[in-house]
């Protein structure tokens, strides 16, 4: 029985962890913290569990939470996980951080983009980047895991198979990303009201988005040549899902088949990431509610470009599902445990 | 040129007034107040007006606003219009109140349901109830107008034609109402976030809603027998529109034709309220973006019930459009001025 | 290993069965028929299963399907199941019919409402009505199961606990129902296009709906006094879910507690049907993607009415989930098998 | 009084013309043709016009329609306008074609992309391309007008101001376009059902879309160097609107101010096309229901790219609104007549 606590259990990634783990018989919840709903029962969210669950949301008390848990998921805004991870060093507890605090190797870049001090830089070397399909070995022995965000997971799963290829120009990458609204979190703002977003569509943070340095950092690790990314996020009037359209210039004539083969090799044995058959195109609802990521790859001979389309559920493969995938590895379990989910269609 | 000020010009009813009036050549805006966006330009909302409008949102300064305006629209939460109306007595300005402050004749009922003191009860006798189709004469000479809300307008336009009929049981009225989200206003709450409401549907305030006493008060004025209303509001995942399904027990056998005739007589010459032809059913998008209200009437011979279906746009005929209709009357203009709108379909 | 065939596997109820059963290790699919997509692979729908499933959609050949299957789900329009059930008599196969062919006891009523001949009336006595919570014993031994539809399941689960009560007037029942669009099926019609329904809301079949006789038939079985139902369906711009608001006149003063107790007794041990705690209100997304049904009950002392709110997922508890619940019983399995699902929120 | 006929008056562009023109006092409708709804009254669509309009949909009879109309709008699928334009040569009637039949100068390209014969190639030289802001003089004297489509209008209004600039690389243009569902027309297909598209998002025709040659043809007219366009359309779950994100490589260092100035000069006096102020970002609902097009321009110094964002309403500025703008010019009227519309927000 793995004793699990979720810090920030009523935000969207926190409640998604709860949703995905609550019926598992090998998981026992210890603490579900929430500043907003302290004292409220979990069954206010999930009334159908009334005969099963007597849990209530609590405040975060470090000594209790860290001492009594085997693993703590941090689902808080940036800036909190640094403190928690430092406290956790004194306990035999693993920390899975869904916030960005331990994703950026370069302290200066973190501090510039997030406008807080990186107060736990001593822990950075031991933090493992949790893009599961590319980092399994390290993840298995991690005590502090930096779980990648949704946009970044989508970009990396689409791009990494070709980053080592001599055929592409790694300075030409354009990522045109479209995200569902839950990616913006559960804080109450006028901009995210239903009446504002229904029927609407927009771009935001057009030239400068916090995820650019993280994407470039991770892509660079797989590329010999300098990488540069243009990243434009857009907000879709749907609840969940990310669709990413990626454009890369090809340096020379190369067949689609040759490039597809790189993806095929990379993903043929993966359970959650799949290259679509030729002719298929990904759709958001093909992955809604699942930990799956679908990738399609096409070469435009006319324009000499590679076009990559990626879809995943921002709250699952882009956050809480990948976190569980990583937890499974960290505890020696089957990586797929609790994640064999079918998409909700229609 | 009518000098118009809007108090609360960035909420949904306030900005709807702005939207509907801004292109009228006989209207000049004086003050558009907003606590949230003081100093921001109107063209932040409507960038295409950049060559036309140099207005900015301001704070409310009574002596300026009331002295320089011919009419003030109050689009604020309940409790504010009482003060404003009292201040306005010292100026030759008309007040059109879109809040509930002057809708309820009975001070005790107002104070019970809205939990504030009715501090302007001396003005109640002079306040005119602005259900335009039923109150034109009084509206024309009104200085203080209580504009009905969306649920109430919908209920009254559907029910008033039969309230005097001996065939119905006025204690059996059930109003099952479904409203778009803009009816909840523009305040930032988690409950009204896109990610919460998309794909969702719910009832709220099931037994006790603030609009019940207002509906009963107005219906009672047209009925000899005591009226009692069951009112259940529901929240629809759409931006605007109210659909109301009304059930009334018939006391005795009466033909559908006979009851339809009552509606026909009432509305045949109206420009904004229409009885649908037999066989037609109202749909929300038939009236989206317009000041129109569509009504259908059917008798169920099997169950001896009258069923009335009503649709209107909660922000227009249910709020700002009716307020303009009333303003037109109060200033001796054509009642339809600026309100000949076509529904946005699809 | 249970050998399962689905007739009409690409409609919404058929593909929902596929979705819910495909990962079960005790189920083997034999035939998935589809007139529209013969020859197409299942992985065109579910690309992430490409390494798991080699199934393709086929035509219906009775002798093969019925001989090689342990159970056949009929997900076809009305009129087909009668033929199939007659053919099935010659094989040791169970038939679970999601169409209305075997739901109405009265042949004349079926023929009037569905405008086809009831050609299998000899099978009607052996057909078992599959409202699981009320009919477990019969279902366990059924060979031919009439699975109730979504509106009817919703109405019955909300009403049956009080149908035997002397406090209610069973002739006063009003059911104001709101359904997601998938309830209309997957046939291509202009009326169900996205551009028509987004932002829209409407009632349909206002006085006369095919489900009225089925609701009255089943309610009557639990009532000593004559039952009469007013049923008004509305179409919601959401993909799945039914919300039902029920009004019933109370004959005399009766406490809410007393009526709640009837629901409590009925559902306290149920896994899928739950009475909400006092103060909670059901919302559609509380049950989206699950086999759960949530019920709330309130007494309005002012109007002497009982108000019942019911939510369920029309494709699961209202169709395919309940069909699986019934299949589980028919094959001696745990009724909950494969149906412990968490709602997709947000 | 201009006598107007609409061929295909019940599709989305046809009914949008009807919606926008029906309240104009200088327009008289002669024929509204529809193969689907022959004989049905216009008031089935717009019940609130019941006291105003007695029009019904009819079949197309060339000799009547062309003889009795001053202008005919062709809102039919490609392939029909060629015949109609040839018939129209015998009458003093103007033809405004919203289909693609007269948009492509090169007969071979038209026949390749649309897979029909260009049977009216003799009329091509006299057909005027109706991108209003760039072609007013020719439009004023046109008898046969080829009205551009929604994707193309969006791309051209965003790109034309810089096509003559030496700073951009015209072979590097990437157009990532996102369209509302009404762009797909009103034909009944499973793929466009509400239950399929709600919550969904996808790309389509990724490498090869019919609008690519039209975009390249028109851009080339303004560029000295060869133009090449990558165009990827995506389908948004909204009813109307196109959002276009355009990426262009800059050849050398050039300030944002210098490029913005090109747009400023081009659009400063336009009533419907506007360059947004620095810091503003376009949103779909800023233009919903209007003939406006909003453009924002940003230079990314880090990546040496120009990013252009464009929004317009696909049914208005992208189709019927622009057609009316053109009609106004062709009949010597104020170009803005009937098109001063405010966006529907929320």
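Note that the chains are named A, B, C and D in the order they appear, and that numbering of residues resets to 1 at the start of each chain.
The rule is simple: a contact is a pair of C-beta atoms (placed from the backbone, for glycine too) under 8 Å apart; a residue touches a chain by one contact, two chains touch by 3 or more.
Here the structure is a predicted model, which is why all the values come from computation and not from measurement.
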Selected interface, B-D versus A-D, where C-beta contact pairs are more numerous: A-D
Relative to chain C, chain with the most remote C-alpha centre: D
Distance between the centres, which are taken as Cα means, of chain B and chain A, whole angstrom: 45
Whole-Å gap separating chain B and chain D, where each centre is the average of the chain's CA atoms: 37
Distance between chain centroids, defined by C-alpha means - chain A, chain D (Å): 39
Where chain B touches two or more other chains at once, by residue number: 12, 182, 195-196, 198-199, 237-240, 282, 288, 346
Complex interface listing, chain B residues touching chain C: 174, 176, 178, 195-196, 198-204, 206-207, 228, 230, 232, 234, 236-239, 241, 243, 245, 247, 281-285, 288, 298, 300, 302-303, 305, 307, 309, 346
Parts of chain B lying in touch with chain A, wherever the complex brings them together: 12, 180-182, 184, 186-190, 192-199, 237-240
Complex contacts: residues of chain A adjacent to chain C: 12, 15, 19-20, 22-23, 44-48, 50-51, 181-182, 198-199, 239-240, 271-272, 274, 276-277, 280, 282, 286-290, 292, 294, 315, 340, 342-346
